[in-house]
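Below are the structure tokens for one structure; questions will follow.
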């Protein structure tokens, strides 16, 4: 028993080490071959070095090249926590852009630890990336990353989370910072607050994630600010843990018990939104409207059925834009803003009208809002800051849908019908 | 009299080199996969930087582990001590950073120790509630937000400063653990607490001391963590305690503590974990697969360590015959 | 034996069980009742209303089942930290069978309980065969299970959707009165198994002293596997009630699933601390209810959630621990 | 009593068991008869416990055959053995601490209480209670956790567990050493009852005199083989000892003089010491004196030993080290005042069994090893361990060897040696010869006499009266926590007189 266990375990180690090597160097199509290699290798340790040695050989040129076209660029992206829908969907946008532009993506998992955000930058640099799309959820990380990238001479862009102005200045001072496309998380909360005030609502509760989560913190507090400024009252902000939706549900029912007079419920992301629907269903006497940020599939359902009064989001394209900025730089076109600095492009947050829910689902969730061709068009020697600003100005749900019509993915009649409601 | 163990057979000597062997295998495999990427100076510095907090945290926790107790609060304490140190550095001056941070660690450690030894609450329960409480306090104090501290802290992240401090601290803890009463009695308590008490060890005092050391080291790790992320983040140090435990147990320190706890095993384990995590990342293994492989390799390494140890004991028993 | 196990073995900390226990039970219930009444006054009579109590009870069902699962696994001295990851996988596989395959409740039960039982048995089997301490094996298996769930999640993201959600199907189980009925049934079954069957005594014997148990002629491996089976069933139940309750269970990575079981773990430790007053299985439910009620009442009192509420919880667990250990003379690790 | 050869109840033939290369049992053949009480005796490591484990189903034989009640007997585990009506009380404690007492009696045999998969606990506890009263043991709370019991109570529970199967063969492995005199008497009555009921008893003990008294025949083992089986009518204790060791024991076993002899200087003064287990104990210990303490199980003698070394808290009174007039308040302080303490339970209280000899020696001698900056020199540790090994003739391959692989006698040598190599003035020895064979016993007595001559004062607490009678200058007899009588060696101790006082 012991002996077999040992052998099995030994073989396992070999297999996984080699699996690591094959999945590292090979693409998906090469996998069967790599598997075959591991099988033979597992049987005999001496053979093990053979395929591995091959891999290094194929990889070396990739590590050496700088932005030279023709070879595949390797671009790193740090996912703050695999398994978190918002960042996973952002990862999808980044990876799609990189692949559409003929690059290779390297995704690392920070496991929700800020230390890992820093050390993974080291790791990506060591792996020989040509550029980094950095998702920093704590402002303090940006100077550290700038320092590391400057030392290694690897360009980076930032995405999604926008640092404060002070931090942005230090970033601009960095040689390797080449821009960023971010969302003002504060705008999301403000937008909802305005919308709710217009509806004449005055007593709100906020259901959100942990207050250590910068995104949710910004959404919740900006909502509170705006709502209070507009004459409303925020009765309670319930900080829960987004990792456990049952926990959020428990929190939500507790809060609704405590404040049965609330007429507005703001859920700071899609998952929490669907949870709030559950919670509200338990209080049939309550007459509260639900607002959600982040347009993910469950929120779309709610919008369609009318359970969700309004939702905003659609800002995940900042992954596309920031990656395009980086690749432009890598191909020799450093885009600068009016002051000659690396740009910070603000991706707007949009409120989705319920009549467009189906089309949104098809072209934002099922497919990417920007086609590969459009993404490729974003990267060329002619692109300027003004062009990107234009893209942002044009970025509305209606315009995008119109573009889809132009691409022949959608008939004009369907769009018109949808717009008409 | 007093001869060494007689002839050393294969398993006996293997038992001593095995922790190193696991490390060597991991290094060789990743050298093959990742090529010279792993041996570039920057990457090597990166590996060392990964190892340093694990080693420092472990050098405190090893006393607790040797006594057979558990310290789950270390990660939360990293955040708590780092945060208080950071706040102190803003209000009092940069010099206060390290003393406040380490001091906080020691105080919380003493509290843990008193709860365990005097109030007789199990260490898991004490440190788990401490983990929950400290995390919440950090979230409260920082209002959930990352913020900057005196930028001199970034100096601490420089290897030329970090490394000497690390070496000094680890050397000191090594000495304390292997060559003084503190370490020896900790191991004895782990072997059999009653025996320790009957042989005149003031058990309570040594327990408190072990938790205090663990806390102090957590405070120091807090300082370095703040340095490495450039400021205070309430999420820093999350699950740090588990990472440290993995390094210790993978290195071959028994979960139950006792005489076979050795400091070098911690260092080897920390290096192994650092090489594994770094190697998997720079070999561009997908994030999902990387965790899978990491888990399996950890289990296999622990299994082999135990396997070799059991073989060794069997041989020794047989030799008695 | 195992230090990590001994501190989790509630039997070792339990004092004699005799007439004194009934007194303790009554005193403890009285203390809780008085506390509840005081809190009710503080919250302006919003706490002890029927609907609020029902809310608290509903909210405590999932943690209660997790704690019941712990009763069967952790009591053996097997501190398996991978239960958090197992539950995530079980919820999702149950969901897939229920929704994607369209088997409804049948699929949910088979998928959820089946997964939890299988993985728990796999853990036990691995632990017995390899002799790896459960603590470290649990961490390793957590990584493996998290990775599997995460691969599934990545696949679903690639398919432009999220991990499976029950939507409107099979949601009754997570609501009153069904969840309460299931909880009551679960409690009775757990109580009987733990106190009145060979499985229960086997696992308690193993947790107390594995060597002696073996010497007394009990098949230790079988006892562990059986207890793992029962524990797996309760964890599986917890997992499916959880998905039925909240609709969707998100995978996570980087050992974050261990964070999910900290609260149930605290409740379990609380239950073992309450052993003087309640049997472990009953104590499990009481502890889960108390912790949920604590959060509820703190919310009613307007204590900030996420921060001060958790401080109060951590402190309460510690204080209960201290009170229950008063006068304890044995070895504590 | 003549050894009547009744019907054979149990037979083992050509039993062999190896541990590695060692013959733990080499071709052992033994027959037990109905109505017989058999003693099994031999030095530590002679293979008694191995033989018993094989019969009890705890260890599996390598070869040989066993028959029980005429049928082939191949037990897979102890439950299997009990089905064949063999009840065993093993040497190490064999109870699960975390279960109620009643459950421990029936653990593994609960089928009889099962009803629809659920156990009828009330009936189980009632039947367990009945077992206690059936064998004349005082009642115990059946629902209490076994871990809360004392060692002696646990041993009784184990005995009742073994008896509860109504055994045809009862095997007792070193049970008497854990029992106090009153419970020993109950046990001997039980043995008589079983004999009268035509059942067999096999008993192992190191107390040769006791064995000669209680049993009908004695089987002597040495080096894994059976040397001889003698009828108790034909042998004396000395014969048995000789056969066990395989040679004549040189010199006297105990000290030879019958006069107390010690200096005038008082080294330790105990004044009105009281705790939960004893009240108002006062005595003076002189230089070079061996002071014995004896009493029944509830006399509080072991607790007194713990209190002397300040391991146990006292409610009143004090222990004073007269030279410096210090009140002893902690074990560490006591050690600083040149006191040493050998606790009763060697493997649970005194030694780290899974650790090396070196570490175990270093534990109480750490102050000798300590250098500048608290440096514990590995070299000094090695030297000290070597010294203990050399001076106390510990059979080992070196200081690095784990204690778990040493025999009980060698462990006890390490245990005593590590205190005796230091220049201690006062030693508190609680059952210093518990569970060691006559060879080691005689060696320990020899060392004690030497130490006494060197001026070391000793407090010896023991459950074995012959040992106290043989060694002490002053004997304190305690009863129910109070000092009942103090007598000097010259007054001529007799076992009967002492027992009378104790009862």
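Which chain is which? They are A, B, C and D, in the order written, and residues in each are numbered from 1.
Following the convention adopted for this analysis, a contact is a pair of C-beta atoms (placed from the backbone, for glycine too) under 8 Å apart; a residue touches a chain by one contact, two chains touch by 3 or more.
Model, not experiment: these values are computed from the prediction.
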Chain pair, B-C or C-D, that carries the greater number of C-beta contacts: B-C
Farthest chain relative to chain B (centres taken as mean CA coordinates): D
Centre distance in Å when chain B and chain C are each reduced to the mean of their C-alpha atoms: 29
Centre distance in Å when chain B and chain D are each reduced to the mean of their C-alpha atoms: 42
Chain centre separation in whole Å, for chain C relative to chain A (CA means): 34
Overlap residues in chain A, where contacts from two or more other chains coincide: 5, 9, 82, 109, 111-113, 210-211, 239
Numbers and ranges of chain C residues touching at least 2 other chains: 130, 146, 150, 154, 253-256, 259, 304, 306-307, 330
Chain-chain contacts as defined at top: A-B, A-C, B-C, B-D, C-D
In the complex with chain A, residue positions of chain C that touch it: 46, 51-52, 55, 58-59, 62, 129-130, 146, 149-150, 153-154, 157-158, 160-162, 165, 167, 175, 242, 245-257, 259-260, 292, 295-296, 299-300, 302, 304-307
Parts of chain A lying in touch with chain C, wherever the complex brings them together: 1, 5, 9, 81-85, 88-89, 91-92, 109-113, 116, 210-211, 236-246, 248-251, 253-255, 257-258, 271, 274-275, 278, 282, 296-298, 301, 365-367
Chain D-touching residues of chain C, taken from the complex the two chains share: 9, 11-12, 14-18, 192, 195-198, 201, 204-205, 207-209, 212-213, 215-219, 330
Interface residues, chain B side, partner chain C - complex: 67-70, 115-117, 119-126, 128-137, 139-140, 144, 190, 193-194, 238-239, 242, 245-246, 249-250, 254-257, 287-292, 294-296, 298-299, 302-303, 306, 310
Residues of chain D that touch chain B when the two form their complex: 19-22, 309, 311, 330-332, 334-335, 341, 343, 348-356, 359, 362-364, 366, 370, 373-378, 382-383, 385-386, 389-390, 397-402, 405
